[in-house]
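After this come two complexes, each holding subunit A, first together with subunit B and then together with subunit C.
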Partner chain A sequence: MADQFKAAIDPQALLREQVRWRWIETIFWLAVLLPFWVTPTYLVLCSQIAIAALFALSLDLIVGYSGLVSLGHAAFFGVGAYAAGLLAKHGWGEPISGLAVAALAATVVGYLTSFIIVRIGQFALIMVTTGLGLLLFELANSAHDITGGDDGLQGIRMWPVFNYFRFDLYGYTAYAYSLAVLFVCFLVLRRLINSPFGLSLRGIRENPRRMPAIGAPSRSHIRKIYVISAAVAGLAGGLSAQTTAFVALDALSFQRSAEVLVMLILGGAGRLYGGLIGATIFIVARDQLAGMNPQYWYFWLGLLLIAVIIFLPNGILGGVAQLLSRKGRSS
Partner chain B sequence: MFARHVSLIFDGFAYGMLLFVLSVGLSVTLGMMNFVNLAHGSFAMVGGYVTVTLMRNAGWPFFATLPVAFLAAAAMSVVVERLLYRRLYRATELDQSLLTIGIVFVSIAVAAYLFGTIQQPVELPQYLRSRITIGDFSFGVYRLFIIIAALLITALLVLGLDYTRFGAQIRACVDNQRMARGLGLNVDRIFMLTFAIGSGFAGLGGALAIEMVGIDPNFALKYLVFMLIVVAVGGLASIRGAFFTAAALGIIDILSKYHWPKSGAFILYFVMVALLVWRPNGIFARR
Partner chain C sequence: MSDIVLHTKGLNKKFGSLVVANNIEISLPRGARYALIGPNGAGKTTLINLMTGMLPADSGHIFLADEDITSLEPHVRVKRGLVRTFQINTLFPNLSALEAVTLAVLERRGNAGNWHRSLPSYGEAIEEAYGILKTLLLGDHCDRPTRQLAYGQQRLLEIALALAARPKVLLLDEPAAGVPKDESGELFKAVAGISSDITVLFIEHDMDVVFRFASRIIVMVSGGILMEGTPAEIAADARVREVYLGTHHV
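Let's turn to the complex of A and B:
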């Protein structure tokens, strides 16, 4: 309690407190290694989870920390996927540099659109991000010669990671590779969020009018985090293209944007781990439910969404945090 | 070539009028409560399937099903509003859009369960399916009917909003909800009625859409984008804005698909984003 009080008046102590590594986080990151031994037949699914988690993490930067709503985030995922896929298809299958190209392509698109994003308010923002997403989708669809259009981008050949680890059929390399990228990104973003820059982002989320009034350059902050978010989403897209050796047009679709938002909200936005937990639950649930009857997966998804919004407004992690704090107060 | 274009523009205008009927309710309710109702397309779908069921299974004539489609969608919307929407009027746009997307997903699955995933055609009376030819020009009767119906609805809405007591109450709630409440207006009730009427028009639009664009479970999502464009570009709670935007949208869509079939909806989305960047609150924004 005393620590918290001190933290409230000393911003540097607050940031130091938040950046401290907790034991439960160590357990979490050790637990994600378990599939290698416990469920080795599900490693392909696990690598999908890691990629979706990275994608949700990137969305968390703008939705959870800056309070902007985007329904077109798949644009960056798709751009990254196509960039990495096209590079590998045309003769350069080295994975790490491929990821760099994916991130770079998404960064460029994010940078160009960031000028638009900071100019408009909430409802128009939902529309414009949706519109930009649809725009890229249509572009990829009509550029059939380059992207393969509806048929998807085929013929991607990846070289082994570090010229040693081949992408195998069981997904050992795919999962380890995706997980490593996710972990590195997570560490970087965790540091970023718990910096003075991250703090001013949260300020913008809490009160977008007051932040400029106290002298914080809100617009340039929003543009920065938007571009960073785009780059991370591009990385996720690149990973997806490399580990599956395929890019479907679906990577740019509105459904993809909606799904990643659902994952984030399900887990809890604005908590870093929210996206990771949400993506895990979402993909495992889809795998199980769609296995029973693929057509009605959307029914359960919709029901889940309604239930989360009505009963758990801060997501699963928010609900858990609330339970814990209530317990702490009563004891 | 000229005659070709006249009939293309005519088709586009009819399509735009259909979009207008589908989205006008969303424009008013969004402007009034600031509630992002992405499930508007689901209410439209309810109307469409009511018409399909009544015509197929009960043998009703097409025109008799239209009022039922209106009422069914309106009733459904009131139930959903009371059960779910009420809780979220003060929530963020993000929560509202996610809740309503959830409803869209559920409605798509329910429609697929009840009616299957293929398009449901209906058999219209012969005189509606014929074409009128005047010299070089040829027009579909059904499209003419939609245009006339939409013009009537527009007149009804504009007159109703401008000259009736209820219309004045709606305008008061849109302009300043707190002040309207302070003056003793029952905003909740007014909103519920407006919402029901708006969803009713969506249901009517869904019924009218069957012949023109077809109805299948994805209708709720596919036309949502068009509805949002009409609302966002036209400006919130602006009947005139929605009307002109919908008309332009329909014409641009049909013309661009005719001239550049490969580019798909690219031109449409591009125009939308450009307009929104130019005027973020819509072209005809009142505020």
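Let's turn to the complex of A and C:
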């Protein structure tokens, strides 16, 4: 009865409000253009950040939104990198189609492994994803004739983007190109997260036990997002190979898998922008710390991570969100 | 046979040497209100788990409207119309009540895998979800994260999620579990308001509630069905009284 006296609730408006594009997002995407004018000598680093951000974004789909763990995500990054690299090395240097091939290769690997992923629990998942990463790492290592093994894949020659923008020494094209791919992927994934499928993923994260009881085929949802995530990671790998004209074996390494997870948690998982912020802070910190203290910079990075986790358990964006909601309540 | 919506035939389940379901045979007619009672450990929740497929049965068959669903996966059984709630809140803590029920509605409509259209464009599903929440008195709270809802409201949300699947048969596992006795009446008012097209089987310990809301009662003891009958028959039965006085030995 009290309903009659309260302002009517518009349920559709409530959900519209949640997915609304916010002005701060416009500011964010304008701000990432600043390096072209403000720090033009750092554009190579910036393109690395954009690529790492895309990689972290792909991981966010399964870790942040679906609540699964992965410690082997570099497998897809590496596969994408080698696919794009090998293609360009063997005579086809067109970047956009190269990226498509990178994504396709990672999709295939993601699809094949997704059958295992949906059958096991969280801890087993850590083991299996780690194992998968190590497996591919050693495969690439032993296939020296194809991948260059330890020496890395050399001799990649990229054609200009759109047959016009050459990859230059200063990273103008590299950054613009990486940023454009990141932005397009971001828009697509933002839509995905704000779709019924995105809601299903959050349901899986929030309570995998309830999902079958509302009729949800969780396994097929998980396989779908796992493959999509692999494809995006492959794109990031492809970008890396194309913009640096080199693929190091390190693209498949366990360390890369661990780093991308750290970036995501640092920025805040399950928030889309978390991976972007985390990648930025991680790579800038690494660059600065390595400059100041070339031998022991991992020490400071470790300290930063521990501090963030203690003071901001939900990552930097999680902390910001908490601060904003507290401010909203007190005013 | 066509009037029986849910039917089990010789359902058996053992955990090691412990028999938790012993040759269970039940038949629920359309629109019936059944209570499932019995002492702790009698196998009531296990029976719900078996019927919904969350536990595989050792032997026996389950029929939903004449279709053998014994080998179907739990989520497929839900799609067919066999839906349950949980004794311990099994909700989505960080989804709002509206999001959670909308998810269940979208899943039923076969839209939950769509990724290219944004959620707010599914206006019909959202309105349907809001309608369900309103009938369960959760309309005003639909925007709050589930974890912030009062316990009794969370119990109602359990039922809302189940109703969103448009069940033919609804299995309520102690819908008022943990709710103070003086408030459980409210909850059962919601249960009583469930459409008479839906067959309801509920587990409940409070005999007042059972006698008030059930048209028939099934009594379980030690994994087996002791008897089934109308409330009056159950109340008059010596064996049932024995069980509830705690003198029954197996």
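Heads up, the rule we're going with is that the second predicted complex is superposed on the first by the 316 of 331 C-alpha atoms of A that agree within 3 Å, B and C clash if a C-alpha of one lies under 4 Å from a C-alpha of the other, contacts with A are read in each partner's own complex, and residues count from 1 in each chain.
The rule is short, and it goes like this: contacts are C-beta pairs under 8 Å (C-beta built on N, C-alpha and C of every residue); 3 or more make two chains touch, one makes a residue touch a chain.
All values reported here derive from a predicted model rather than from experimental measurement.
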| item | value |
| --- | --- |
| First (subunit B), second (subunit C), both or neither touched by A:214 | second |
| Contacts of A:134 with subunit B and subunit C, given as first, second, both or neither | first |
| Subunit B versus subunit C as contact partner of A:30, first or second or both or neither | neither |
| First, second, both or neither for A:169, with subunit B first and subunit C second | neither |
| First (subunit B), second (subunit C), both or neither touched by A:305 | first |
| Contacts of A:292 with subunit B and subunit C, given as first, second, both or neither | neither |
| Touching residues on subunit B, where the partner in the complex is subunit A | 30, 36, 84, 87-88, 91, 93-95, 97-99, 101-110, 112-113, 117, 221, 225, 228-229, 232, 236, 262-266, 269-270, 272-273, 276-277, 280-281 |
| Residue ranges of subunit A in contact with subunit C within the complex | 2-3, 6, 9, 11-12, 14-16, 18-19, 191-192, 194-200, 202-203, 206-207, 209-218, 220-221, 224 |
| Contact footprint of subunit B on subunit A as seen in their complex | 63, 69, 71, 116, 119-124, 126-128, 130-132, 134-135, 138-139, 141-142, 254, 258, 261-262, 265, 269, 295-299, 301-306, 308-310, 313 |
| List of subunit C residues in touch with subunit A within their complex | 52, 54, 73-76, 78-79, 83-86, 90-96, 98-100, 102-104, 106-108, 111-120, 122-123, 126-127, 129-130, 134, 139-140, 142-143, 161-162, 164-165 |
